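Okay, handing you the structure first.
Chains: A, B, C and D, in written order; residue numbering restarts at 1 for each.
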Amino acid sequence: MAVRAAVAGASGYAGGEILRLLAAHPEIEVGALTGNSNAGSRLGTLQPHLTPYADRVLEKTTVSALSGHDVVFLALPHGQSAEIANELGEDVLVVDCGADFRLSDAQAWQRFYGTPHAGTWPYGLPELPGARAALVGSKRVAVPGCYPTAVSLALVPAYAAGLAEPEAVVVAATGTSGAGKSLKPHLLGSEVMGSMSPYGVGGVHRHTPEMVQNLSAAAGERVSVSFTPTLAPMSRGILATCSARAKPGTGPEELRAAYEKAYQDEQFVTLLPEGEWPSTGSVYGSNTVLMQLALDEDAGRVLVVSAVDNLTKGTAGGAVQSMNIALGLPEGLGLPAAGIAP
Amino acid sequence: MAVRAAVAGASGYAGGEILRLLAAHPEIEVGALTGNSNAGSRLGTLQPHLTPYADRVLEKTTVSALSGHDVVFLALPHGQSAEIANELGEDVLVVDCGADFRLSDAQAWQRFYGTPHAGTWPYGLPELPGARAALVGSKRVAVPGCYPTAVSLALVPAYAAGLAEPEAVVVAATGTSGAGKSLKPHLLGSEVMGSMSPYGVGGVHRHTPEMVQNLSAAAGERVSVSFTPTLAPMSRGILATCSARAKPGTGPEELRAAYEKAYQDEQFVTLLPEGEWPSTGSVYGSNTVLMQLALDEDAGRVLVVSAVDNLTKGTAGGAVQSMNIALGLPEGLGLPAAGIAP
Amino acid sequence: MAVRAAVAGASGYAGGEILRLLAAHPEIEVGALTGNSNAGSRLGTLQPHLTPYADRVLEKTTVSALSGHDVVFLALPHGQSAEIANELGEDVLVVDCGADFRLSDAQAWQRFYGTPHAGTWPYGLPELPGARAALVGSKRVAVPGCYPTAVSLALVPAYAAGLAEPEAVVVAATGTSGAGKSLKPHLLGSEVMGSMSPYGVGGVHRHTPEMVQNLSAAAGERVSVSFTPTLAPMSRGILATCSARAKPGTGPEELRAAYEKAYQDEQFVTLLPEGEWPSTGSVYGSNTVLMQLALDEDAGRVLVVSAVDNLTKGTAGGAVQSMNIALGLPEGLGLPAAGIAP
Amino acid sequence: MAVRAAVAGASGYAGGEILRLLAAHPEIEVGALTGNSNAGSRLGTLQPHLTPYADRVLEKTTVSALSGHDVVFLALPHGQSAEIANELGEDVLVVDCGADFRLSDAQAWQRFYGTPHAGTWPYGLPELPGARAALVGSKRVAVPGCYPTAVSLALVPAYAAGLAEPEAVVVAATGTSGAGKSLKPHLLGSEVMGSMSPYGVGGVHRHTPEMVQNLSAAAGERVSVSFTPTLAPMSRGILATCSARAKPGTGPEELRAAYEKAYQDEQFVTLLPEGEWPSTGSVYGSNTVLMQLALDEDAGRVLVVSAVDNLTKGTAGGAVQSMNIALGLPEGLGLPAAGIAP
């Protein structure tokens, strides 16, 4: 019997990607699709690529519209998930693509989001130590941010193996879909094409405390993260260039071995053969993370570069992967491992 | 029991897209992967997005490597298919993504390709009148060219319904993957990005006689086609803007009705609701064709615009769809109808 | 003594491009810069590329702000030019980048723009027959639309030489800057990159009657134009693919000779050597038009492809070139002939 | 009397950009244009954007072809400049866009380039402390690498003011033109568009020792640089994200003051107003560097982001600017300060 799933926020980029994945998922039957300002619209008009659901009409995002499903995906602005989840009850699997339940540090939440902390749910990045087990059977999932997905997978093995000093420096490039469909001048095609620019510089991006949380947990001590996001002229993809000073005595074989061990059983994380470097184009539309590392002995730094699709593994794919685990389905069911290239 | 498939030309763009689709096809088991200059290489090095087959090693393209499969996909330069197909024998389904067996007019073949005509195979565009029936049970399939796919689907209903004069004018924009992986200066990213340019202008592009063939068959008289292909700054997609003078008395309702009737039962062709126009971004990575039409009463022309992904519906998707039909599988099995957007 | 110039609409793409060109013009001193919603803002915040004027502050667009200059460039929404021009008086050279004074046919104006016709000014496309003479000493200039610039230069010589039938078919691709800075979902980078789409299909684009006017004047009979604009994933540039059935007996040499003669003395129009085709990348940021032609004898059509930068030759460059003529300065003064590539 | 200039390597991207700038330079007359494999070709066929020189024919790069000019620009592969310069003699200003004479450390040269060190010429980045004076009247100029231009200008003020620890971490995104016109698979448009990828990771990029040299000179101690270049889907531009741990006690005002002081008299370097961040799109085709800084107090790091056009300020513009200084012309003569946007 099919699992019935609803998607709240189906007119946005995250919601649309969830639907694209569910359309290929053999165990899912798509139920209610909801939106806010777009309620009443035909989905095909808003998301013309979703031809299998083109004639569905968006309902208003309300608890009653979302009730009666086995799984509810929330792709909503921050701050709206708690109330809906509470009213949907404990029997429904709620997979939240927003930030509300990602952080365990209430003070960090308050500082970066400016609202009271709603709580902490099992974290939907199963490749992190301990995370998979917490998802099994859970009725609540906090899907990680797209940047923390790319950065945590890139640096956690080094920290977990005690090979890096607790001051990470991360510069990441993202495609414009990371900013959603918001109508802002700097997101116009004319402004974006042919141009790279930074934003949220100097430690103010909201994904920073999430990275700090994940890296610190692996390191067993507080890791600071200098994080600079940049906007690249592409619609999808994150390339995260991550580094930290190597602990004294760290050698290249030891470093590589730590990553091989961390990911040898992971179907969605690939440490590339030496000499090959990841590109975001290779993970386009897939749930795969590609990564490579180097030890820069002159500069004394561990360097790891990872590539993910911000909408797939970075959001919707991570959400579906976590749902599979929570429901006891095969973890990769319905998820594309191959990217679309060129 | 799984259908075993081999792919000749697995290091190119068409071969890679066939593999991406086969990876999601529930009835296919991928056997030999072959190449020429790349024989001996790890697939993952050449096609890093194909993570499920990354560790496969390319064999040399030979009949013996390709033997022992139920289906062989040929993604080879023109002129190499006939010999391989002959030697593989009549029991093997051979799906040729090259041009060799597309044209029935030996003189047109000779003129545009400069070599002797090899013959004509059932044509892998099932949405054309009569084409689907010819594919059922066939052991040979000639996959159409990417442009003829977009253009034939756009204009055949008008010609079949007798609504257009037999002189078509087509201007189409293609992504650069249509040119393959050839190392030519004008295909460098630096040259392509931010720039549009025409090529093969003035009736010399090799896909012209294929369009003439399909439109003439529908019209029951010879249709001339003025075809101008242009190279657009994107990696995938074809947007075909097609027009012909309307036959006297043609009205907009009659025109629309002809298209609705032609495609009402087709799962991969969508005539959009009035007022919505297709974009190539909406069919990215999918087997779907989106189209829209207008009757320009001032200029007296029927105008149809279609969007396809040149590598999916325009090549590999059309190939897999035809294979499904030939093998008696559900026509859409394993094929994505939803595009990847944004 | 320097010519003092004001720019109304300096926060938009057309106004910004005028300023970029004026910054390199040896005879111009830039005076007032005005805007509407952006009045009071620092120019550098709105147009960070215009570093020479970064600290200028926009005034409100009023007659008093624009008074006291020798030249006033209007880069305003349609319908606002007449009143300002009237109040500025007859002594000031007014160069209008809007549509208000381009059409001589009041009925066509009314049909496409829906407002009363304001009149007709000398047309700022000096390469058209008779146009240059009308600009000399004029105090009013109607800068052509960007598409009509590309299309008229491409087809007028064929019509003027009597080589083409009076039914033109034009498909043009434009960069997104042609749509201005308007905050519309389909203009977001995420939507535009990797995608081509048509718009204004079926004879409804407002530049159609302007093309009809120019081609008909050259042909000496009414020329119909089937015009389909498409949006390409690039910020600038127009590639216009233009064709018409050849008049009986037209040969390729005769066709080529007509174009060579038409443009042999033009510094900003280049008919490329045979075998070379124009690209928009080659005219990026320049006032140059590149074109090439072919006679498709199978289809019986004259085919001309032209490339322009919609913001330079297609708007601001045409405006400055016309200003130079009107003021008696060397026609190419301050205008770049070389494009910026790659 | 005009200064006569020759350009060796006129068919490449750097040579083409030099020509674009020289076309707008009021004191320059362009003489010989030379190439290697392209000798004998029409420039317009190779560089169709350079319409002012389209009919020039490339000569073979030889000393005799380059003789008899006041200035010779060398845009050649590394290792070819020394011999040509020697033979041209001491009277000719030789501006070398290659790497041969950039480094003063012969050992670093040997390690990164693998050939004997040719020497050290005055360094063509006049905004560095002491550099301008060394260029005045010089007959030899070593134009900096594109990355070192962006990175040195971004970090030198912090090091010169003693505000940063001597371990810099730099991640930079470059447009594809930085790789030249080489026909490599990963530079094809199909591969590049929609994708970001790193290269030269782990301290092996040849521009690293040049950065080390410039930053160490400013700091008065050896500065290590962890440098990761990434390839972005755009043809031009470098966005350099540069950071270093702040020296204890460094405050934001002090940091900002150091940069304001360093660049207050520089016409081509702009420290943006607080709250505004640079984009490469804003410096497209210009000789301008835009930058902004932040002090990330949580991570304890000084962060500076700079944007340059790799071909203009990063190569050809820097070359012409240095030529102007060497010849005693106004430093900014003929150089565009405004970028081309959007």
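Here is the rule we go by: a residue touches a chain if its C-beta (ideal position, glycine included) is under 8 Å from a C-beta of that chain, and two chains touch if they have at least 3 such contacts.
Being a predicted model, the structure only gives us computed values, none of them experimental.
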Chains touching both chain A and chain B: C, D
Reference chain D; chain at largest CA-centroid distance: B
Centroid spacing, where centroids are CA-atom means, of chain B and chain D in whole angstrom: 45
Inter-centroid spacing, chain C versus chain B (mean Cα positions, whole Å): 37
Interface hub residues of chain D, defined as touching at least two other chains: 13, 175-177, 188, 190-191, 193-194, 233-236, 278-279, 281-282, 284, 342
Partner chain C, residues of chain D touching it in the complex: 13, 16, 19-20, 23-24, 42, 44-45, 47-52, 54, 176-177, 193-194, 235-236, 270, 272-273, 276, 278-279, 281-286, 288, 290, 336-342
Contact set on chain D toward chain B in their complex: 13, 175-177, 179, 181, 183-185, 187-194, 233-235
Residues of chain C that touch chain B when the two form their complex: 167, 169, 171, 173, 175, 188, 190-191, 193-199, 201-203, 208, 224-226, 228, 230, 232-237, 239, 241, 243, 245, 277-282, 284, 292, 294-301, 303, 305, 307, 341-342
